[in-house]
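The structure follows.
Just so it is clear, A, B, C and D label the chains in written order, and each chain counts residues from 1 on its own.
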């Protein structure tokens, strides 16, 4: 990471003042602007985690490409997984504007030094999971990400605008798959219900721990990196999902889920936060598998990347 | 290969006389006995080719182990492929008594400098092929090999006795699979017929070219390495197979196949000898695949064999 | 009509099976850009396959496997998921495992050059549907060919390792090259009617292009024997490689578990 | 009876799926001797699977999937080939791809040590069939364990590369270790009746043995997180790894294409 050049205290006070004004006006910070080191570090951590999530997220869905049960669904799924690679690209590029290269970030991912969304540490066990991931997981991601389109760092916000547009397309496709399957055979309906049962709680965990246990939220909100608290977003997601589940004809696996007319929101149960902690610490069903997969693909591709670099260097020599 | 030490002409004449007498009496030549260099070279070539055939032969059948349609058949097939590895072991050992190591032979196989039976350059395309290989291919192999139990070189002859016993067991199992399938569904019967159609002619080719085009036969027979001509063995195989095919209820794909009461044998058509030549020269449907498979397995196993060697060397040092 | 259907299956199955292989690269490619490019090529070919299988079913409904009464499975899916191995008419060229990136690039270069040569001629097909499919495909295949060509030269001139892997890849893939240009009676028949293309007619052009890439890369055609037929038949006759059964087991497993499924 | 059947499926499916994986080594092992040994172990486990699936069907016929009228498929095959993934009750430990020879040896060492500890206890089962199956299996598993143990030490003390591969293998396999000793309610129930074994009771003994092999090899247990459950369930509850679906697609493809087939 490129640290800011040393500057004296007065200058720093001026710069900080300007930075704070930009934030206060909901304007964008751009790559060449001065920014506090911690703001930069927080952004790098968040954008990298988001980029890694897109890349690791290719695995659970990619698992079903060769087995997709119709050619139309195969095309949709392949295009979606391709989009995720594209999202990863934008986000790594956004990170590069902060002075960190894709190679460095990938090395940290493989070494387990940077995280990705815990949801991708759950396996996909049936084709219905492709639909459920679209509906619930992309749905939750959109809840998280739409506010980020207004995030204070310019390149990140602009990447999010493009990503969110594609994500809502994916979400609709996932919902449409489930709704088609629900109009199919009894076995298909059971497959959808079983899938929703497995993914509902992990989807709720995607918003992170309850606000009381989320120490970084306040600073991130003050900086305009984050725009809503975890619990606010979770509530929004639940309120959005309940009528969709009813329209599909599936039951969400939460006996405490009821409409609360006083709050104007649904009350709902809490996910198993111990499980969340375990998964974040590497003990989910697929953590080891996901990182090993990425490491293998990266290692096996090393000779290709080296060849491309050598070829480019030679051609540059020749043309100069 | 360990060449015989230089000896003077008189000695050589005596040794050759003794060698010829052993051959004439149908006795066995043993590893420590003197033998003509060409006899040794011919034996090495033939035994190595036979050993390689066992090892390469594991691939077409091994292809169906994970997909065997009943647990009983899976056990039979797995045991059979295991037996083939065992046969390979005996035969490489027999070759080692002639002064050539398994490693040298494997290197020659992988480099395409030594052959294996051309039949294994055909693919297995259905589970019926497992049965057909047992019935026809092992059947042909037995016709070729039973006379070799009386071959003049001791270690080879003794290995063949054991191998032939197991091969006839395999042949019966293959026949039994086909006969069970013929009592199954229409689709299964069609699968058996299709498989027999594909393997009949390649099986006939297993006896080698017609006697007129088989220049080495005379010398090999004189040395007692070979006991019957190619055409004699082929006739025997056809005569054996016709009633078995009738009992199974399959048609052998040769319109010229008829009983000739005068000869007391079946007349039959000739295989496509051009195809045979092409396959022997590397142009069969699976030549490249078979050798690449063996090379990959051998290369990927190199570090394991090296570890075992290093471990053994270290322990020998310690104990000495 | 039966011949046209069979011909569309040949072209459609080539695309379907090769798309399957390329799609296996998803999340496994050497870099994100390659992940995206290979998925894109797989998608293009999948699109071609769908149009061609639909055309086959329209030309002769008898090629579509019978489905249980009331099954909502469309013809393209019945063809892709419910035919057995011998009914597939793709060349064996598209079946083997991907191997490493070098094998993939060699295979893609040959395949895209071959298919582009066919599609360029097919744009003039007397069958308006085939002609339209070919017109759309030409743009896609030009990209595929150029992508593979660039990588071919890059690997040839990259590092010692990449060049050595490329050479091994050439040796591995080349035995399957000849089958592409072996004319099948159906291809000859439809070429005679101005509907299809006899691949033998495209062989010379394809070879010139491949030789150019080899020459730029300072490589020779490997001297290896061509992969022979089985009982005098090849993939076009439904006689495939041992890889095909394993591929179809994955391709068809979910669809076959739900013959009345809606997806 | 339902509990006994479920318990036999657990032990039987462990053997069936692991046998499948080991059988993939056929013609791929580092040397002929290893090809023979791994096939032998796969055969032993396949034999155990057949006895246990038959016992499950005898204990409670309702576990056997319904077959079409007149189907000649025996119960052991209906169980192996016609159950869907969630009905398999094997531990996830046996599902992943083989990896290299080091991964295979680490997995085999742990699996054989674990299963031997269970089978030694099962020889005293109140169910005479289970007791007999265990008695036969003990000899086989002792050989499997010793074979893996010898190779483990050989790789640890062999070359720099073999030791390094062994260490990576340990890291890869170890997250699946804990699930072996997680008691399922059915295991507890049958252990209480003197019919089955609670694997938690065997954990200490297995760990001592594994630690001995590690210690001889001068290696430590890797400090990696255990693989977590899915919706609080594991393989014993029918919740498997992503590898399982691909494995079953191959295992079942021919049998399912011929539900009335005789083999």
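Rule of thumb we're sticking to: contacts are C-beta pairs under 8 Å (C-beta built on N, C-alpha and C of every residue); 3 or more make two chains touch, one makes a residue touch a chain.
Per UniProt, the chains are A, B = 1,2-phenylacetyl-CoA epoxidase subunit A.
All values reported here derive from a predicted model rather than from experimental measurement.
Visitor: Quick check on the contact network: minimum steps from chain A to chain D?
Guide: 1
Visitor: Can you list every chain that touches chain C and also touches chain D?
Guide: Touching chain C and chain D alike, sorted by label: A, B.
Visitor: Could you compare the number of C-beta pairs in contact for B-D with that for B-C and name the larger?
Guide: Taking the two pairs in turn, the one with more contacts turns out to be B-D.
Visitor: If we define chain centres by averaging CA atoms, which chain lands farthest from chain B? Would you check?
Guide: Measuring from the centre of chain B, the most distant chain centre belongs to A.
Visitor: Determine the centre-to-centre distance between chain A and chain C, using the mean Cα coordinates as centres, and give it in whole Å.
Guide: It comes to 35 Å between the two C-alpha centres.
Visitor: Express in whole angstrom the distance between the two chain centres, defined as the mean CA positions of chain A and chain B.
Guide: Comparing mean C-alpha positions, chain B is 58 Å from chain A.
Visitor: Multi-chain contacts in chain A: which residues touch at least two other chains?
Guide: Residues 67.
Visitor: Which positions in chain D are in touch with at least two other chains?
Guide: Each of 245, 249-250, 253 in chain D touches at least two other chains.
Visitor: Chain touch graph shape: choose line, ring, star, complete or other and state it.
Guide: other
Visitor: What chain pairs are in touch here?
Guide: Listed in label order, the chain pairs in contact are A-C, A-D, B-C, B-D, C-D.
Visitor: In the complex of these two chains, what residues of chain A are touching chain C?
Guide: Those residues of chain A that touch chain C are 55, 58-59, 62, 65-75, 78-79, 81-82, 85-86, 88-89, 92, 102, 127, 177, 180-181, 183-185, 187-188, 293, 297, 300-308, 310-311, 314.
Visitor: Name, in rising order, each residue of chain B that touches chain C in their complex.
Guide: Going through chain B, the ones touching chain C are 60, 63, 67, 122-125, 194, 197-198, 201, 272, 275, 278-279, 281-289, 292.
Visitor: Looking at the complex, which residues from chain C come into contact with chain B?
Guide: For chain C paired with chain B, touching residues are 85-86, 96, 172, 175, 224-232, 239-242, 245, 249.
Visitor: Across the complex, what residues on chain D touch chain C?
Guide: These residues of chain D touch chain C: 84, 245-246, 249-250, 253, 256-257.
Visitor: Once bound in the complex, which stretches of chain D touch chain B?
Guide: 16, 20, 23-24, 26-36, 39-40, 42-43, 46-47, 49-50, 53, 72-74, 76-77, 80-81, 100-101, 153-155, 157-159, 161-162, 165, 250-251, 253-255, 258, 260-263
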